[in-house]
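Okay, handing you the structure first.
First chain written, first letter: the chains are A, B, C and D, and each begins at residue 1.
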Amino acid sequence: MITVGLIGAGYIGPIHLGALVRLGGVRVKTVVDANGELAARAAASYNIERSGTDYRDVVGDPEIDVVHNCTPNKYHFGITREALSEGKHVLSEKPLAMTIAEAEELVELAARKKAVTGIDFCYRYYPVVQEMAARVRRGDAGAVRMVSGSYFQDWLSKETDWSWRLLRSESGESNITADLGSHWFDLVQFTTGLEVREVIGDLASLLPTRKRPKRQVLAFEKVGEVESEEVEVELEDYSAVLFRLSNGAPGSFTTSQTCNGRKSDTEFQIYGSQCSYAWNHKDATQLWIGYRDRPNEVLIENATLQDPSTARYANLPAGHPLGYHDAVYNLFLDYYEAVAAGGREGGGGDGEGGSAGAGGPLPRPTFETGLEEMKILAAVLESHRKRTWARVKG
Amino acid sequence: MITVGLIGAGYIGPIHLGALVRLGGVRVKTVVDANGELAARAAASYNIERSGTDYRDVVGDPEIDVVHNCTPNKYHFGITREALSEGKHVLSEKPLAMTIAEAEELVELAARKKAVTGIDFCYRYYPVVQEMAARVRRGDAGAVRMVSGSYFQDWLSKETDWSWRLLRSESGESNITADLGSHWFDLVQFTTGLEVREVIGDLASLLPTRKRPKRQVLAFEKVGEVESEEVEVELEDYSAVLFRLSNGAPGSFTTSQTCNGRKSDTEFQIYGSQCSYAWNHKDATQLWIGYRDRPNEVLIENATLQDPSTARYANLPAGHPLGYHDAVYNLFLDYYEAVAAGGREGGGGDGEGGSAGAGGPLPRPTFETGLEEMKILAAVLESHRKRTWARVKG
Amino acid sequence: MITVGLIGAGYIGPIHLGALVRLGGVRVKTVVDANGELAARAAASYNIERSGTDYRDVVGDPEIDVVHNCTPNKYHFGITREALSEGKHVLSEKPLAMTIAEAEELVELAARKKAVTGIDFCYRYYPVVQEMAARVRRGDAGAVRMVSGSYFQDWLSKETDWSWRLLRSESGESNITADLGSHWFDLVQFTTGLEVREVIGDLASLLPTRKRPKRQVLAFEKVGEVESEEVEVELEDYSAVLFRLSNGAPGSFTTSQTCNGRKSDTEFQIYGSQCSYAWNHKDATQLWIGYRDRPNEVLIENATLQDPSTARYANLPAGHPLGYHDAVYNLFLDYYEAVAAGGREGGGGDGEGGSAGAGGPLPRPTFETGLEEMKILAAVLESHRKRTWARVKG
Amino acid sequence: MITVGLIGAGYIGPIHLGALVRLGGVRVKTVVDANGELAARAAASYNIERSGTDYRDVVGDPEIDVVHNCTPNKYHFGITREALSEGKHVLSEKPLAMTIAEAEELVELAARKKAVTGIDFCYRYYPVVQEMAARVRRGDAGAVRMVSGSYFQDWLSKETDWSWRLLRSESGESNITADLGSHWFDLVQFTTGLEVREVIGDLASLLPTRKRPKRQVLAFEKVGEVESEEVEVELEDYSAVLFRLSNGAPGSFTTSQTCNGRKSDTEFQIYGSQCSYAWNHKDATQLWIGYRDRPNEVLIENATLQDPSTARYANLPAGHPLGYHDAVYNLFLDYYEAVAAGGREGGGGDGEGGSAGAGGPLPRPTFETGLEEMKILAAVLESHRKRTWARVKG
């Protein structure tokens, strides 16, 4: 039995718990949150024996093997470092850290400690996204010629919408390019097996001022009822990026959180010399496959039609839709198999690319993946400042 | 803590377990199956302490409060009766029993024992199906004028496809009208609050003969490799029904398991004097709303846009799809609240219709629901035999 | 140059004209309508030399080769008979006549006069509907096992909606079963090459009373402004039919004009032993193809991917949608080729079925087609009255 | 009666003719093409009296009022200039000319000659695209915050695909940015009433070499049967552009002709402070409308639900789809009304923007529109060369 402690019981923490309890051989022992009430409620909801407010009750507990770091962004680095130092395996929410230097330190430390690392890029774990990766990597698409896509949401579409994500002190140098862009670029790198090499970004705060509540909005209050002050927004709520991949193929990506009617609409398309693939979170169970000389196809998640390496993720009879909870579950399934195997997955490290070849297992998202995403982000920010193309640091 | 025992670890049993472990205050103590290996594997997958082969270890265990009956159809009645007799609450897979007499006995026994009963009509627990029910019941659609829909699958589309469901000895008098039709009629009765009163059905075995394997096909074998014999099929794989609801509104329903390319495509449409609603399992997160004088709408599951009575089922930020596992989870959520409340839900029994009015909680599927479905089935079979309309027994 | 006269310049007449002017070798000489203003306006809109109010100016004009009969239903028979007697070829709107006896007389007369006949079942002329027919007839679907579908509109969804179609004196014995049902059954018989043999129908007036305007509503008035009287509706606005085809395959069809939000949504599905086909007027350019063992396909109208016999109808580069006007144009294209060939199409008469084999041209809709539709209608009406199955007269 | 001559009977010429014959008060007298056979065939197909090979038979014919210039790009300027000089009104295919200087000369000459000009940006004439423009311009969307979209085709996806569009001598400095980009930017400028001001483009030849046939491929030959030579491609088949509109709103656009499975998939989205709009050529009859606080809408082309200024373009009963031919027809309808009015449309010239206010008629595409598109193109090409942002010349 692998023993788990989870730190951070806000939005994403309980989603981790809901997936963890479905895993055989894994037991969550402790959940902590600075807000003890949140922690206690989460513990009760998932029959977890212990809750508390001090993250050291997790990272310092010798019985705990794996730490889930679900804290706010600015605490990721410190807590993860401490957990690694204590010999824990760590699955962190993204971003891995606030700076590249921090992220590099974590990657290095994890390697030294032989920790099995994971980062929650869960979108790649929808069954047909895995299938797209398997097919592209085994060559079905031919040469990847271009990619394109977007990620649109609307929860920041009003002037009265406010989030800590818009603050530099909480988010670092970027709001949406970091938050949604990292998911999107991970999808592209994962499915194509290619890397983003050069970028030019155009960032904007489409709502340059917002009304910030003067105190926290309580559960029973409406946003409008709390006194607010008009503030200039520090970070971008719009980002568009042109880029080139490691094989020279171009790409484009646009994202905003101000798009009325778009709830969490990530979509991306891979155009290859033989066929095309497209996926849209709004129809998460479907993979579109485009052909020149025959009708296009729609593959609905289906273990019997998928590549052997991805069939396990489509674990319901065809036609019974899997959802977001299942994507997180699938990611954990892979992660805990790696933990159980003592990190001896595939044939040499859990890094992106690595040994993942035709037929073999597809790579898991690890701390190295998290670091790569931060390097892409840094290049986008630089290109925006300089108004010309920038290279992603190798 | 409510203690649960589950009987039957085949296909649907583990799906129950995956939902049960996500419920706070509920603990699965025992899982049993005639096939002990299956039971043991299920127990290991969900960290359940005990497994075994004898259902009496569940129904006879005084510590167990609730029994999940996931056995094959022909065992439903006997085990459920025994569990009720032992004072257990029971959540049964459908059908409730093999005959109306049996089903009536169970309903009566449960009432006498004050058992909280449930039956797994899980399709109604997709968040937007709940929303459709809330809206129709609060009057948004105006008068319900007609309903229509279908349920198509393809897992019996080949002559080499075989299932115990095609055998009278295993299924009773009907294969698909019972299996898929009951789900569909439940959706209609649940969302409209109306009852099916008159029917005329047309049943057929579209594949009149099939190749039945002479022995069980093992996991590593292909169907074609096992010697088979050609047999005449006893039960229908196609069913179409015209019907009238309790308010006089007509309806139509068609179902088959031989429809190549349709995996589990249930869909139904309610046409009212004010607007229309449609839902399709293939796009399970979306509710279509049709208007005469303004653009049609598509409501994606969204707690902030749904009726207060259904918002709880849309428990992810809008745009993050829920799936089949979540529908089952939602049903269990309601069921275990009723168990925790000692069966004192709503204002008078957990029956269909009951006190469920505008704004109040929507009715849960109970043994009475299961009985109603069996009566509809009996009328369809009668109408098919007599080639004219038949009334559903009151 | 083939010379044409058109009778009836209401709704459908100008649509005929818009297609006729796109045909090479065809000239419309005269358009007439009891309402001379309508006729004059139609003539002006399409640069037609002559207009008038007397249909005999068309049927009696020796220069005119072809008559388009676009008059109200009750005039179809008389005018068509007169035109045939005068030696004209006739393309009639549906229904062919008001009674089977009349329709049979027209079929016989046309045969004697060697007239090239046509009837406007234009839905079958969407390019991918033709493609569906070509594929099913050449065997791609395998044996046709079942068909299903519906035709929903909403222009009669309100009590204040009124139409002459609801009057027995104008429509005959049926409103919607005749009007929309005939289109739908034509689609099924055309695409499958099979005939409807047995039926049981359930008809209803979902709005049993309506407010009938006391005088014609003028163009600038709103319906509500004209005084109306409440009348009992004579004919059905809902119809559902179960049926059996000539190969024994069952089917189901539902139609209503009271379905809020459905504008002209015809859809039908053919399930075969090898694959399935589905088409929906709402996405008229797309043919859905369903498979058991590989991803489903969506074929968008495309000359290079279609059967040689249907490629001509997809006369734009792929991705440029054709519409309703083009379906009518395609029907006329076929009809006027037959006229130009002196009725010597295919290899023996323009009847349904006939010589249309693999690779050959698909059958056009002729007066025989119109007669067949009337026989199906008669059987549906009989089955509804008798509440049991009825046979379609051979 | 307005008399028309058409020059160029290749692909697009006959499409013009098919729309022209549906216009009342308009007569096509002459069609010419360097290839006399093409001209004769087009004339026969549309009952046109005269055909020939010399464009001067059109521009020099005193009876002809309007010239349609459907020649290859490199002849646009010369023929249009001559037609204008002869006092003709001119409707030209895009691009207006090969250089900005030429285009400016044409705009000026047309103004001096008081010619009514038109250019075939027909995508804006789908009924719901007009509706989108009417709604955005009357303020329904609130402030336009961002736009995004793409235009993907696949007819150049293979190495054996060849087109004169890839040659600098035939196309000028750009293939796809000019060809498809101009349509797309026209859609954005038309619907928003805003202008593209700054751009940065990334262009690429995704197939850097292609096999060019050594002689023309004849109708009965397959591409592969004609001897070919490998050539380096001169012009881009991929283009991605980030841009800023005149109100500061950012946008992004991606296009390629190498996208397997994408036939002519233009789509664009406008995100406003109040709601969002999206349109996709693949579903050309549908306008998506996105909201934050209520369900999204889908408006299907429908005269009774559209703005009075756009209802005329939805000239079929709702639910009967209009297509590409109808979009061209709608553009011509507007153009010939302007011709009939002697160019006195709106309240001051037929330029973009102009008097087009709330409720008034939406602007038609004129030579000024064609010039604007060429300026956007020039800026994109400059930005690509310099790898930084470039301004569109005012």
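We take it that contacts are C-beta pairs under 8 Å (C-beta built on N, C-alpha and C of every residue); 3 or more make two chains touch, one makes a residue touch a chain.
Being a predicted model, the structure only gives us computed values, none of them experimental.
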Touching both subunit B and subunit C (chains): A, D
Pair exhibiting more inter-chain C-beta contacts, B-D or C-D: C-D
Approximate Å spacing (C-alpha centroids) for the pair subunit C, subunit D: 35
Inter-chain centre distance, subunit B versus subunit D - centres from mean C-alpha coordinates, in Å: 54
Junction residues of subunit B, two or more chains touched: 262, 289, 296, 300
Touch list for subunit D against partner subunit C, complex: 1, 11, 15, 18, 21-22, 24-27, 44-47, 153, 155, 262-265, 281-284, 300, 302, 316-326
Subunit D residues touching subunit B - in the complex, by the definition given at the top: 287, 289, 293-300, 304-305
Complex contacts: residues of subunit C adjacent to subunit B: 145-146, 148, 150, 154, 157-158, 200, 202, 204, 206, 238, 240, 242, 249-252, 254, 256, 258-262, 269, 271-276, 288-292, 296, 387-389
